[in-house]
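Next, two complexes with subunit A in common: one pairs it with subunit B, the other with subunit C.
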Partner chain A sequence: MILAGGLLLLTVGMGALLAPRLSPANPQEIRLKEALLPPSPGHPLGTDQLGRDVLSRMLYGARISLTVGFVAIGLATVLGVLIGAAAGYAGGWLDILLMRIVDILLCFPTLFLILAAVAFLEPGFAPIIGIIGATGWMGVARLVRAEVLSLKERDFILAAKVIGASDTRILGRHLIPNAMAPVLVSATLGVGAAILIESALSFLGIGIQPPMPSWGNILAEGKATLGIAWWLTLIPGIAIFWVVLGCNLLGEGLRQRWKPQ
Partner chain B sequence: MVSLSNHERSDARSPFDRLRVNGNVTRFSSFVLALLLSASFIIPFLIGLAAAEEIDIPVIGDALVSASIGEPSTLIPILASDSASAEVSGLLFNGLVKYDPDLSLVGDLAERWEIRDGGLEILFFLRKGVRWHDGVPFTASDVQFTYQRLIDPSVPTPYRGDFERIASLEVVDDTTVRVRYKEPFAPALSSWGMGILPKHLLENQNLTNTPFKERPVGTGPFIFHRWIRGDRIELKANPDYFEGRPYLNWAVIRIIPDQATIFLELQARGIDMTGLTPLQFTRMTQIPRFTEAFQKFCYPSFGYTYLGYNLRDPKFQDKRVRQALNLAINKQEILQGVLYGLGAEATGPFPQESWAYDPGVHPAPYDPGQAKALLAEAGWRDTDGDGILDRDGRPFEFTILTNQGNLARELTAQIIQQQLSRVGIRVKIRILEWAALLHQFIDKHRFEAILLGWGLSRDPDPFDIWHSSKTGEGEFNFIGYSNPEVDRLLLEGRANFDQEKRRAIYWKLHRILYEEQPVCFLYVSDSLPVVHRRFQQVEVSPLGLGYNLIHWYVPVSRQRYQLS
Partner chain C sequence: MSQYLVRRLVGLVPVFLGITVVSFFMMHLAPGKPTDAVTDLNIKISLQAKQQLIKLYGLDRPVHQQYLDWLKRTLRGDFGVSFKDGRPVARKILERIPVTLTINALALFFILLFSIPLGVAGAAHEGSGFDHAVTLFVFIGFALPTFWVALLGLDLFGVRLGWLPVSGLNSLWAERLGPGPWMMDRIWHLLLPVGVAVFGDLAGTSRFTRSSMVEALGQDYIRTARAKGLPERTVLYRHALRNALLPQITLLGLAVPGLIGGSVIFESIFAIPGMGRLFFDSVISRDYPVIMGILVLGAILTLLGNLLADIAYALADPRIRVSEGG
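Presenting the complex of A and B:
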């Protein structure tokens, strides 16, 4: 499972990395005379309504989607680990306060939270990453807090305290590293979810703004030509499926390896 | 009456779904479902059946379900500044006059009128026996009340300009109104096409915040039934309409903010009428299955699409810069690539169909070289070698705002972006939901450039769009254009009753505006409405489709929706 998931992600990752070499054309170049061509040797995945090469757009779109996925979840994970560890280790009123905030934020479906946030910001690459990151840390925080709560009662933490280790050292050297396994699993699953959210936002027109290609907005533009240009919706659809499946397989595999229960 | 249009379609009210009337699915729903499952062969069969019957006598029944891409922002006619609002409120309210299919003014709530004193005075004789939808009689005091609201500075109406020319409005008796103008005002009569409001329901109320907003009461052919925000507006036939009861029982306007979804709904028979996109018209509706079920229409729309610049922005204050932008934007490429040839290049503030349009204005050919030269003359040069022009250390870049759901505009914006990048201008695009664009950005003048359209009135007077006094919040000259010569011509044009003299004035205005380029005039697109074939007496006139909506009917055997 790890292998299969890893392979799926690797193919997309390589595609994104090598986009400038693999692309047959500039993804933003409009050639109206070549609009809506079906897949052919010149345009392996066809062209869109403005005559742009879909393969090139997909490859550059992969860069956007993967960057959004990984950076946003990186951000969410860092936030979640810090907040969760602080709550779990300090306990008392800080724990209560932070966990109630988490509870409140978890009450809202993530997509609605994001839609509300987007209304106040200009849509674009960085804001989307920020918003997905800022609304995705609550699960991680709970996970880390629970780990820290059980770990901090263990003997090796007691031993560290006895020899006079500082709180920062105990958290940084002992608690957080030991709590990382479930966090990595949830982050891997989260990447898939983040890519899906980015696609959904771009599909709704409030994510990545044209002409920057993103899988979501390629799909959104394709829906206008559903009956006559199947490749414009099918291809980004398959790509999103592919990468989300990759993340889920990898995450599931890691979970089984590290936590056999 | 001009309106901001969010869709190149000023008169199509459209299409269908399984209509719910008072919460009950129509009795025909299972039949409809069967129809959907095997639509391809059953529909021709049904058509054959109906043709055999050939019933020419109009009958009451059925509903017209149309689709609107934008949600109306209000149904109060004097506040309606966008086409979605104007279309729906036009079914609920009447003005004193209206245009007939050959574009002459005829009475609506006014039975007749007399123009006296060289055009300074109009005496309106109102129709007798007209009642508001709530049964209260319509009288001259309603006209007076509407006038008072229109000139009340606290009422945010874009139409005040037309009514400020009035010196006095006097109620002679219940059915006679005397209007005196301060000076001759050519659009005077046509300005009375404005929907009249009921005094008895709105007196002492704040128009922007009254329960009436949610439950409008008019005199029109349809009565407001309910408005489910973000979903649909349901109107029912007014059985006492003074021109006769509409044959259709219901007019339902579904709000579907996306053209692709509207098209899917159309194919799924959820909609009876809508406007097509050029791509749908030319490439997706040629199949017999579609043409057997729907009738397609194509005629020039009375309006145009443009790229407007915020002239308060120093970048756009130099005329040479605006002329350069015009040379750098290839309209023919947009016409072919986005409209598939279904439209024409716009050259000024009037569409080709208008008598005010000067055929002597020839659009400048696409010339990026000349554009670069003009930009250099205005001080925009690429001094740091990054491919983007700059002046005083600041790069030439701006953001184009346009509304969501209108793919033609989204694509046009992207083509303009590429064309301008060739002369060294960096353009960003931002697509916003219609109401947010209108109220948060346009009304408040928070934009650099906007890609929008104007739906125009038949009288060509474009005072509200170009006069320097119309630049306030919520008014139509939101680009902030100000030119004393244009101001003078606008005043002159509306002070003259002689069409030949007005023509000369507007031709001059047309030439000045093309030369000055306060906006880049892009294209006049064709209206491409479709209507389901079961509707009879569907006619296109210069006013577009739907002007005779009250005469549309469906033969009994082909009716789909029943009144519950």
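Presenting the complex of A and C:
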């Protein structure tokens, strides 16, 4: 599972990394005379309604989609770890306060929170990352808090306290690193979920804005020509499926490997 | 039981207040004032709407007072009026809720109808070819973008085969039909959206049923049941499933926000006039009172879903009501 998931992600990652080398054309270049060409040697994945090369757009779109997924979840994970560790370690009123905030935020359907935030900010690359990150930390916080709560009574933590280690040292050196396994699992699964959200938002026209290519907006642009240009709908969908499957396999594989015996 | 209920209800009050605080302050903490957003970001909204907005939020007064006023009005069910057409927000939302709830309830029903046998069968034959097939299906279902499946379904069944309608809740001529044919027309229109919704969530639920079944089947009472020679069917469905379904109740409560949130995507794709579609349209036109109203209502529906799940759990499992502190 880890291997399969890793391979799926690796192929897309390489594609994104090497986009400038692998692309047969400029992803933004419009050639109306070559609009809606089916896949051919010159355009391996065909062209869109503006005559842009779909393979090039997919490769550059992979950069956008992967960046959104990883950076947004990175943000959410850092937030969640800090908040969860603070709540679990400090206990008392801080714990109650932080966990109540988590309870409250979890009541809002995530997509509603994200859409409401989109209504205030202009949709685009950075706002989407910020919004997905800011609405995705609650689960991680709960997870880390639970881990910290169970770890902090263990002997090695007591030992660290006895030799006079500071709170930051105990948290940073002992508690958080030991709580990381489930966090990494949830982050891996989270990247897939974030890519799904980004593509859904871009598909609805409120995510990444054209001409910047993202898999979601390539799909959205292909919607109008679904009957005559199947490749515009099929290819981005398969790419999203591919990456999300990769994340889920990797995350699930890691979960099984690290499962406490 | 009633004591448990009271305790749960009291516990909900701070969460409810928190929901209103978050909703209210989201509006105020957004970059700039809502009025800036109207003037700077959206030239489509008229000056009249801007003044309406300033009046609605009483922006010249201290924030806590604005919040209390807003809360008082909200508790009375007054969410203000829509910028778009001046109609009361509460009424606009209320007329959309039944559609969204119907679709979600139907989806939930079919999800359970399919996922429980799938999960049970997977767990009963753990490690078999069938189990692996179910697991594979689960991974595929998890990773498929629902809006893409919806799009492909629309193209295949709606356009290419022409079997199902592509949008709306009823045909244009539906008003002239009798109640029976009208109902058939409605069902015909709902097949595709409900089908896609079921497909989207089936994977997760089957998986969850499977893992709780595997756990239940490992218990001592299952060995006892098998040892006394009960038929495997009885062991599976009477003994194991009953216990495996308990955590499922909580899962259903937790699924509510996902389903409500997901309705935005479905209703946009299938042009269904529900709450999700209203929310999406309001986001596009920056109709803040409607956005705020749906945000609060969505959270309250989630809260209710969780409460119902907790109550159902307590009814089903006596250990909960006795032991849980609060």
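Convention: the second predicted complex is superposed on the first by the 259 of 261 C-alpha atoms of A that agree within 3 Å, B and C clash if a C-alpha of one lies under 4 Å from a C-alpha of the other, contacts with A are read in each partner's own complex, and residues count from 1 in each chain.
Everything below uses one rule, namely that a residue touches a chain if its C-beta (ideal position, glycine included) is under 8 Å from a C-beta of that chain, and two chains touch if they have at least 3 such contacts.
What you are looking at is a predicted structure, and each value in this text was computed from that prediction instead of being measured.
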Per the contact definition in the header, classify A:211: touching subunit B only (first), subunit C only (second), both, or neither.
first
Does the superposition put A:224 against subunit B (first), subunit C (second), both, or neither?
first
Answer with first, second, both or neither: which of subunit B and subunit C does A:192 touch in the superposed model?
second
For A:248, decide between first (touching subunit B), second (touching subunit C), both and neither.
second
Count the residues of subunit A touched by subunit B and by subunit C, then name the partner with the higher count.
C
Contact-wise, after the overlay, does A:116 reach subunit B, subunit C, both or neither (first, second, both, neither)?
second
Quick one: is A:181 in contact with subunit B, with subunit C, with both, or with neither? Answer first, second, both or neither.
neither
What is the contact status of A:29 with respect to subunit B (first) and subunit C (second): first, second, both, or neither?
first
Partner chain in contact with A:149 - subunit B first, subunit C second, else both or neither:
neither
Residue overlap on subunit A between the subunit B contact set and the subunit C contact set?
122, 223, 226-227
If you look only at subunit B, which of its residues touch subunit A in the complex?
258-261, 264, 277, 279, 283-284, 333, 336-337, 404, 407, 410-411, 413-415, 417-418, 428-431
Could you please specify the touching residues of subunit A with respect to subunit B in the complex?
28-30, 32, 35, 49-51, 122-123, 205, 209-211, 221, 223-228
In the complex of these two chains, what residues of subunit C are touching subunit A?
14-15, 18-19, 22, 26, 30-31, 37, 41, 139-140, 142-148, 151-152, 155, 159, 257-258, 260-262, 264-265, 268, 279-280, 282-284, 286, 288, 291, 294-295, 298-300, 302-303, 306
In the complex with subunit C, residue positions of subunit A that touch it
100-101, 103-113, 115-122, 192, 196, 199-200, 203-204, 206, 219, 223, 226-227, 233, 236-237, 240-241, 244-245, 248-249, 252
